Structures are given as C-alpha cells and as structure tokens.
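Next come two complexes built around chain A: one with chain B, the other with chain C.
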Partner chain A sequence: MSVPTTAPTAQSLSAWLVDRIGGYLQRPVEEIDTTVPLAEYGLDSVAALSLCGDIEEDFDLVVEPTVAWDYPTVEALTGHLLEEFAAGPGAA
Partner chain B sequence: MPTTFRTFTELVLERTAAHSAKDAFVYLPDGTGGSGPEHLTYARLDDEARRTAAWLQEHGASGRQVLLLYPTGTAFIKAFTGCLYAGSVAVPAPLPTEQGQHFSRVSGILRDSEARAVLTDSANAPAISEWLAAEGMTDVLCLATDSGDFADPAAYREPGIDPESLAFLQYTSGSTSDPKGVMVSHRNLLANEETIHRVVRSHSDSTIGGWLPFYHDMGLIGHILQPLYMGARGVLMSPVSFLKRPHRWLEMIGEYGVEIGGGPNFAYELCMRRVSDEQLAGLDLSRWESAVNGAEPIRAETVRAFTERFAAAGFRPEAFFPCYGMAETTLLVSGAPRGTRPVLRDVDAAGLEGGELAPVQAGEASRTLVSSGACDHFELRIVDPETRRERPAGSVGEIWLKGESVATGYWKNPGTNKEIFDAAIEGGAPRGGPDGGGWLRTGDLGAVDGGELFVTGRLKELIIFSGRNLYPQDVERVAQTGEKALNAGSGAVFSVESDREHLVVVQEVRPSALTEDLPTVAGGIQRRVSREFNVPAGNVVLVRPGTVRKTTSGKIQRTLMRKLFLEGALTPLHEVLEPAVRELAARTADRSPAPVV
Partner chain C sequence: MPTGTEAAGRPPQAPAQEGQEGHGESAVPAGQEARAAARVAVLEEALGDPADERNEVSYAHLLQADEAGELSEPGERVLDEVMLNADFVPRGQGGRLERIDHLVRVLRPVFRRDVALGLGYGVTSFMAAVNVWAAGDGEQRRRMARLLLEGGKVSVAYHELAHGNDFVRNEFAAQAEAGGGYRLKGSKQVVNNAGRARAWVLFSRTDPAPGSRSHSVLFTGRDSCDPERYRVLPRYDSVGVRGCHLSGLEFDDCHVPPSDLVGEAGKGVEVALRAFQITRTAMPGMALGAADTALRTVVRFAAGRRLYRRTVLEIPHARAALAGAFTDLLVCDSLSLAASRAVHLLPAETSVYAAAVKYLVPRMLSETMNELAVVLGARYYVREGEFGIFQKHIRDLPVLSLGHAGSAACQATIIPQLSRLARRSWFTSPPAPPELFALRGDLPGIPFDRLTLTAGGDSLSATLVAAVDELPAGTPLEQAVRDLALGMVGELRQVQERSRALSATDRTALARPAAFALAERYTVLLAAASAIGVWQQARGDGTFLSDPAWLAAALHRLARRLGQRPPELPPQCGERVDREVLRRFEQQRSYDLYDTPLAG
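== the complex of A and B ==
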C-alpha cells in the first residue's frame, strides 16, 4: 500500500481522487471535472464504498460510508478530507 | 435429517441445547478499528434469545409482528432468534441510517406489518423512539436488546405455535410506498432449509457464511438460518466491510474455512476488478465447496473469468454454485448439484428473443446461458404468461412453482395473492380447462432443457441493481419530485444491460418548460435519484410531452419505452448517457429495426 510519508496537499489529493474515481467509472481521468457531482458520472454505491476502502487503506483515515454522497464532487471531497487530516488520525 | 421438528423454534431450541459450547456464529467487525472477531456460542445465543423472548411474551408480542432494525452484527441474530423463541413474527428491515436515510424510509413497513414492537440497539433506540412518536405510533414498543437486564430468561415459556404459524415477514417485494411482506411459515422455513441442506450437502461441521445483508433473504436464510438448521457454524461480515475491501471476504473464506456461501453475480465481478494480484497470492480458496451465485442474473463471463483467475488461490471450477430462488419461495428453488461444474449453454440470440433455446447458427449472434441447476424439490412448469398454457421443453415462458417452501402469500394482500400465489394452468385439468391452481407465478422467464433450468429474463419491470430490488415507480416519483419543469407520472425508468446494469430515466418536460435550462433539469434528476437510492442515474433522456407511452388504463409501458430507447426511436430534447449505454443503444439500433409491438 502506498502510504504517503508527508501530508497530502489539495492538489495531490484531488489527483489521487480523480485517478481512483476514473478507475471505478472506467473513464479517462481527463473526463472527470472536479466540480461535477460524481453521481452524474454514474458513481454508484459500490464504487462509493470502494472509495472509502481506498481512502482507509492509503491514508489510514476512517471515513463515513456516506462520504461520497455528503461531499458529492472531487472538489468537495478534497476539502473534507483535508479537514479530516488536519484534525489528526482517528478523528473521523 | 431434521424433518421431525414441527416448527423452526423447536429445532433451534434443540440445536442450542445440543451444541451449547460450540460457536454458532463468528462475526468479523470492519477492519480498521482493531477489534477482533466476535464469537457467539450456541449457549450464549440461547440465553440472549430467552431474555428477549421473555420480554416479548411479557409485553404481549407473542404471535404479533416485531420489527428488527439493527446494524449488521450478532445483536440482530440474537433478536431474530428471540422472536422465534417467543412465537413472534420477526420483520427484518434495513437500518435506514446505515445508508444515510431517515427512519421514515421504513415507515411503510412499520405500518403495513402492524408491528407490536421494534427491537434495536441502544445506539439507535433514541432516534427510533422519536420516529415512532413522529409517526403517531405511540402504542408500538421500542426495546434496545443490548441494554442488559430488561427481562429474566428464566421467565421464558415455549410458545404454542404450529407449522402454519408465521416465522417472519420478508419485505423484499413491493415498492417503498406499497411494501409487500412475504409470509414465511415455520413449515416453509423448515422445508427450504432442508432443500438447501440437500442441494449443498451441509452438515453439522460445516462452516457457512459471507457478507450479505442480514435482512436480505439470501443473507438470512442462507448464511444465518442454514447454520442454525444444521447446528453448524456461521461466519459473517458486513456488506460495507466487503464493499470497501472485497479481498476481506475471500480472506475470511480462507481463514475460517468457509465451505458454503456467496452473493449475487456482482460480488464476483467486484473481486475480479478490486482484488490485486498481490492480495490474490495470499488467498486460500481450496476449501470453498459452494460459491453461491444467485439473486441477480448469472453471467457466463463472470463465472469463466472468476474461475480462471482464482484457480491460482485453489478455487475449483466445480465450486461455483449458480442457483435460482426468491423470497416468495422462502429462498432456494434450484441449484447445480455439489461437485459438478456450472453448465453453460450457447444458444442462438435471435432464437432466444423468439422464445426458444436453439443451437447457435454459424455466423449468427449467440448468447451463453448459465444453468441454475435441476429443480428437484419443487414442481416447476414453464407457462405462457398470456395464455397460461404450459410451454414445451426448450421454450421460454414464465416460471411457475409449487412446493412446501412456497410462501402463503403477501401479508394482507388477498387480491394479489389470488393472482400471484394461486394461479391455474389452462389445459392442465385431465379433461382440459384450468387445473386446480395453487401455482406461484414468479415473474421470471426461463426454459427447462435437458433437466436444467435456464433463467433468461424478467417478465416484471423490477430492476435488480447490485442484488438490490428497485421499483421503477419509486425511482420515477423521486426523479419528478420538486421540479416544476416535470409532471408527475410522465416518466419511465428501466434498466439496460452491458457488462452491468445501467439505470435509464426517460422523462417528459412540461410544454411550458421546454425553454428551461435542460442540463440543469437533468442534473437535478440525477442528484435526487442518487441521494435517495444510492444508485447512479447515469442516463437521463428528457423528451417532449406525449413521448412516454401508457396503456389505455394509464399504466406506464416501461418495457416498450426500453425497446424504443434501445432502438434509437426516441427524439431527446436533451440527454445524458454513459459511454457504455450510448454504445449499447447504437449497436441495438443497427441490428434491429424491428417493429414495435
């Protein structure tokens, strides 16, 4: 697992999310606009939970299973995750 | 085997006494918390069930319905067993807050079931009490069964129930607005657990389990009640745990030696996509005897690809267990016999559309069907759904069933029950005319050939999305809600299939709103549907008024709309399509300028 040694930045986090989401949706990453709701790309609950699993594995951060519905764009998710990182490990 | 029991309650009382020190269940909590597996022995299950049953009996809930709202975990199993002990009718339902929904989502089930009490845990009890008050259901009791000394197990008395008493109501049928609870009696439950036992050859040393939701028929009957039936061991994890990290399911199978268990086809697909080669190298699937694949269409491609890839982890081709079943038959109808490889059959695609299983013609399109095994434990007929006459072998028709596992009907739905659970076959009587009835109409299409049942499609418009039943009328209602540009009752929702199911919303725009910002209207539909159902409406087609076809009685013709959509016969004002669906529609349009029926 690729646990980053330094805290992620908005840019690196956004790129990581786009990469993962592109993978679940089987779409090229260029097609994913960070301001468009993920539901509009066809992100389903299985993919949303996959994303939670990936966040937990790669960043060691436990997130609510509903996170992709509560923060429905890459931009919103990035903001939320940065706040969670700032709050420290296990604070989710 | 244990057919001497009159009720499932008698059976469980015997099992808990006979196997007291043994683990009835092992529950694996979600990974990262650091908490280890939870072991629940038969003795502890018995003690907890007696306490809950004593409380239910004291509060007049024996013989009444009891709603179970729990997060995934052993508390649900204890409460369900408590209902069995008390002679109450358990009503398992999903905990809405686990999916980010409010409790009002299950208000329909609460009302329809006429529940005397709601059982839950202490984390959810306050919100449930508030919800009951808000619904004006102040006579419904609420108990947190993890709250310690609420009753004395010694006060418990065995209930006076018989084989026809109801064991539980299974609410998987019907929409949220009009829920339908399948009435499963003790006789039905004993009969179906016996069927499962015979088909998968389970025994008291078996390990059975998986990640399926406990309120789902396949999770409840297959992974929880089959272990109890056999006095065996169940090993369970939560759906969220599996969906986050699919390899944990396969790890669990290896670590605990799970022999019997599975899920819908999509679970195997997800493992294909999300289990890395590195993770695969650490798996041992050699003891998996019955990898159950049911509850949604079984894809030959998935069966082949999973078998091939996971052979490296010791998975054996004959372990795949494609099967067919539904809540209306308690659970299992048919399955491939243990120790045999799944039967795959290539048939001519055009022949199949015409209702026959025909050999593939050279150069013509074909489709591979997966057999759901032989149907040895039910009477099965393939019937023309229009004429209600039996169809010959190898012909496609509606699957009709009769047997001890077939439920009595839907709770408080005598009209529907006459139609669905007591159908008669025309020409079935010795001198012609209808036979005596008593057939269950499954709404599924299939054919029997060479003793194998092939399920080929659905007659009803139910959409099955990742093993979940979605009712088009529910999705249509949510799509239209709160948007001035859209009329109620003027949309059609259906699914189309590429390598997976895709939801399509065809929705009329009001004449006065044709100049509105249609991309925003479409985006609103997508947001509302995904928020309410947690499934993507990846495809929205906005059309002119009058495009959505209805019958003379005003019923929306979803099957026809699906056909028109696939043939490119709709003229959209605005559409959003997923790439796979765009491709599918283009391909179908090329192939068949077929007349609209």
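== the complex of A and C ==
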C-alpha cells in the first residue's frame, strides 16, 4: 500500500477533497465552497461511501463509512482527517 | 412404514431412500438444528396438504382469497395458532429467533403456499421489529417483544413514493417539541398493514437540513396517537400479493413521546441500513418457497400430460427446463444460506452479501418461473384449478424486487464498494470459514451491533479462488466443475480490473449502466462461490448435495448467465439432476438445499 512520505497539510487535504468531490459531482472545483454541506451540492450517499474508499486508498487511512455524514463540509472533513493523521496510522 | 412425527405427509416409499440420506430421521442433531427442523415440521403440518381442496389453506382456497383481494383468513388463523410471530422475536426476548438461516427455513412453508400471507401476516412485522432489535433500548425491545408475542402486528414505513429508494430525501417529519417528544407531520405511502398494526416503525425527518444525519427512527404505538391526529390512507390495489393490506398513514401534528425514538436522533439512516442487512438477506430465501411450488406444479403437469405419444416429461426441452429450474433454486438457496450465515459469522462483510442476495435471488427466481411457464404453456394463463397457483406465484414474486429495496438500489449499495474490494480484498483475503456453508451447523447469536455499513472484506469470493486449487479433477464431472470454477476466477479478475478503473461518477448513484452491470456480475460470482462452498461442505456425506453433478450444472448456468460459452456437460450430469427432480416430486421433498419432507 502506498503511504505518503509526509503527512498532508490542511491545505493539501482540502484541495484533495475538493478535487475528488468535484469529480463525483461533475462540477468545476472553483464552485465548491469548503463551508457548504456536501449534501447541498447533491452529493449522494453512494458517492459519500465512495469518498471513504478514496481516503483509504490515497492516505492509507481507514475511516468510518459515515465520516462524510458526521463532517458534512470540506472544512469539517479536513479538520477531522488531520486529527486522524495526528493520532497515527491505523489509529482510526 | 415410517414412524414418528416427521413421517407425517410422507409417502410410504420414502424410507427406501434413507440409506443415502446424511440427515435422516434417525440422526436428528441436537440443539439448534433440532429446534429448526421441528419448527419447520410444525409449520408444514399446520398448513397441511396444499393440494387437498378440503384443506382451508389449500391452493384452491388461497386462490379464492387472492381473487377476493383478501388475505386468507384460515391461513392467518393457522399462523396465529402456531404463533409465527414468536419466530421474529429473539430467544433472549422470549421468542424463537436465534438464526437468520433458520428464520428463512421456517417461513419457506408459508411462502410456498402464499407470498401474500408470508408478507402480510408476518414478514412486515419482522422488518419493523429488526430496527428495534438492532438499535432499540431495553424497554423498547420489551415493548416490541410483548406486542408480537401477543399476536400483534407492526408496520414499517420507510418509503415515500416521491423519493423511492432515495429515502434520505424523505419529508415525513418528526419535529422535536420543546416539552419533549415529537410532533408527526406528513404521510407515508404503500405501508403494509398500516391500518391494522398495533404499532408502526416510522422513518422520519427530524432535521430539515439535507444529508444523512437528518432522519430518525420512531417506534410509535397506535394507542399513543390521538385518533383525531392521524388517518389510514385508502388501500392500494396491486398486480400481485392482492391480499396484502397496502395502504398509508397521514399524520397531522400528532404528538408522540420521547421514548418512541429508536437509537440516537439523527442516526436513522444508519439504523435502517443495518436493519436492511438482515431483512434483505432473509426475504429472498423465504420467497424461494414460491418458486419451489412453481417447479413442483410444473413437474406434476409434465408428468401427467401426454403430447406426441409421450409425457411432457420425456420431451428434452421440458426436462431441461425443469432441471434448470431446480439448479437455479439450489444456487439461490446457496447464496441465501451463505449470506444469512454471514450475518452471524462475518457481520463486517454482510452489507455486500445482503445486497447481492436481494438483487440476484428475486431476479433469478422470476426468470426461472418464466422459463417454467413455457413448459406449462396455456395453463400458465389459467387462474384456477390444479395449476392456478402458478400464475399467482409468478404475479406475487416480483414484489420482492420492488418493495423494501429495488434491484437498482441493491446494485447501488455494491457499486461504491467495488473498487475498494478490488484493491483490498479480492485475491488476497483468506477464504470464508467452512461453517459459512454448513447447512445444519450451529451458529453464534445475531451480532446486531457488529453489522457495518460497508464491507471490510469479502471472504466469500476468496472461497471461489481457493477452491480452484482444492477441487478434485478425477472424474469427467469433477474436471468440468474445476474448469467452470477456473472460468469464474478469470471473471473475478476482470471484475477486479474494471472495478479499479471505475471513474468517480461511476461510483455514485448516477453511475452508468456499465457499473450496474459490473455489480451484477459480481453477485453471480458470489452465487458461484456459495454453491462451491455448499458442495465442499456436503462432500462425502452421501447426499445429493455431495454429488458434483448439481454443482457442475449450477456453475454451468451461472457461466452462461455471465455470457461465457462453456462446453456441454457430460450427459450423466443432466441425468443425475433429472432423477433428483423426480425423486423429490415423488417423495414430496422440497426443491431446496434442505430436501425437507412436505405435507404435499
């Protein structure tokens, strides 16, 4: 499994999330406000589950499948994921 | 002559076969299995011979009730008498529910006779109750158990027609009140038993915000509602299950107490998705009983009708259709068995298996019945008489693919998990434990709290991969099985590659048809793995299931379903399956994995 050599920053994580979510929604990344709930953009529950798989794949971090429900904005998700990284690999 | 209670309803020639039965009457295992077998026998005996018109729960009477748009009253009375509701209540709560595979077996005699009775009498209550078993507190569980054990019914209302399976967008509201409790407002449609249930499990919006944390599950008693504040909506007429009381509920600022909330506020989607894993797993296997009757009905027709100076049974096309149907039933039951035992043994993998069963089994059973209809010919269109039950079952069965979770919704559960399983699990996970496929093996309790929303892995497909190295290849039949299994493993490789390559939009509910097709192929592979597992477990026990003939036939049909063109099977394969179809017809045994004695 690929493990990033350096821990992601808030900025890089946020950009990564916006990029992925833009892909699911088929919207330009500029349109995605990091403080607006993803459900308001129409991100469905199936895509939310797919996003968890992406996080696991790209960061080797196992997250609860409900993570995008509990942290419904890019900003909230970024904050939560940073805490998870700080807790160490596999801590989730 | 046979003796003992289990012999009831069996023809005298049955004991001659005892020698090749691994699980004959003399060797009833103790414990869980003995309880299940005894319970199935009680149901079968109480419902009686369905072909005997003097029996009030015969096909003839059930057809009359269906024509009248009513549930069979004697049928409901019999199920009251045997207290079927107890089978929906965990043993710990004073009921009989201990295993999902057993629940499937116990309901099968009911569905064999009448899908509407199976759904309308009981399974609706079970679907409601599971939410409370999975997420309710002690008091709610006691309340549910009491209600069911007293013979009461409970309705479950997830859906609103406007939103279909996209129930995260549901609008029926339960607004929290300042003084505690909730105020119900809005309506729920197509709710089974809404008008006669003593309580309802209501999936309700508790927060106007969009998303998946805005709904909660309420367990609301009818007598706690002000009758001025709710009404039961008019009944729907339906194509099938005409006897079911499908209506709706409308609430107008109806107050309910805070103790109605099941689990945490805002966690309703999770509660429902967990409960779905149990019910999606269980219901298709129950409904297999209807296809069992359809096959028996067509065998009876084929054995009795003469065309071209021979019976229909001697016409190769008809024989092939019957053998194919029986094979499909065994495949469906294998997948149902593996999934329902996975609830106990592999709860963290159940989300995918439950969706696979709910997707594939109703589809396969409906297709099978359509193939059987060809053999029945014009009689398939007749609504009465000896073969009338066939058209009823063929109309009733599709309800399994409609209510509760549509086929596409089940595929949508699988789609976001494909790429993850492709990367993390397939070809690397260890195979499933052999107990997953042990028809009569004991199981630990139902771990409601360990069911997860996505699968942590998939050891069922690993059984398929591992089998390729383990399967014998001595006889031509064994060789055929091995080749077919190899073909399945090749297919899993392709599914893996394509799953890895799925684009972002193909991993949402709006995925292209290709992603849905991929999910379907995967469910077929899980079915193949289940059949292999069942055969491996049965090996050496001398029963029909230990014969590679059925497995070869099963894998062959699944390979063709995948679009492969496997070589024809050795002729002894079809002959063996044909013989079993006839044996079970003559000896009144069920057309499923269990080879159960039937009342008729």
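Everything that follows uses one rule, which is that the second predicted complex is superposed on the first by the 89 of 92 C-alpha atoms of A that agree within 3 Å, B and C clash if a C-alpha of one lies under 4 Å from a C-alpha of the other, contacts with A are read in each partner's own complex, and residues count from 1 in each chain.
Here is the rule we use: a contact is a pair of C-beta atoms (placed from the backbone, for glycine too) under 8 Å apart; a residue touches a chain by one contact, two chains touch by 3 or more.
Computed from a predicted model, the values in this text were never measured in an experiment.
In the superposition on chain A, A:20 contacts chain C only, with no contact to chain B.
Once chain A of one complex is fitted onto chain A of the other, the partner contacts of A:65 extend to both chain B and chain C. In the superposition on chain A, the residues of chain A touched by chain B in one structure and by chain C in the other are 26, 37, 39-40, 44-46, 48-50, 52-53, 56-57, 65-66, 69-70, 72.
Within the complex, the chain A residues that touch chain B are 26-27, 37, 39-46, 48-50, 52-53, 56-57, 60, 62, 65-66, 69-70, 72.
Chain B meets chain A in the complex at residues 31-33, 98-100, 240, 243-245, 266, 270, 274, 465-466, 502, 523, 526-527, 529-531, 534-538, 576, 578-580. The touching residues of chain A, when paired with chain C in their complex, are 20, 23-24, 26, 37-40, 44-50, 52-53, 56-57, 65-66, 69-70, 72. Remark: chain C residues 166, 168, 209-213, 269-270, 412-413, 415-417, 419-420, 423-424, 452-454, 503-505, 507-511 touch chain A in the complex.
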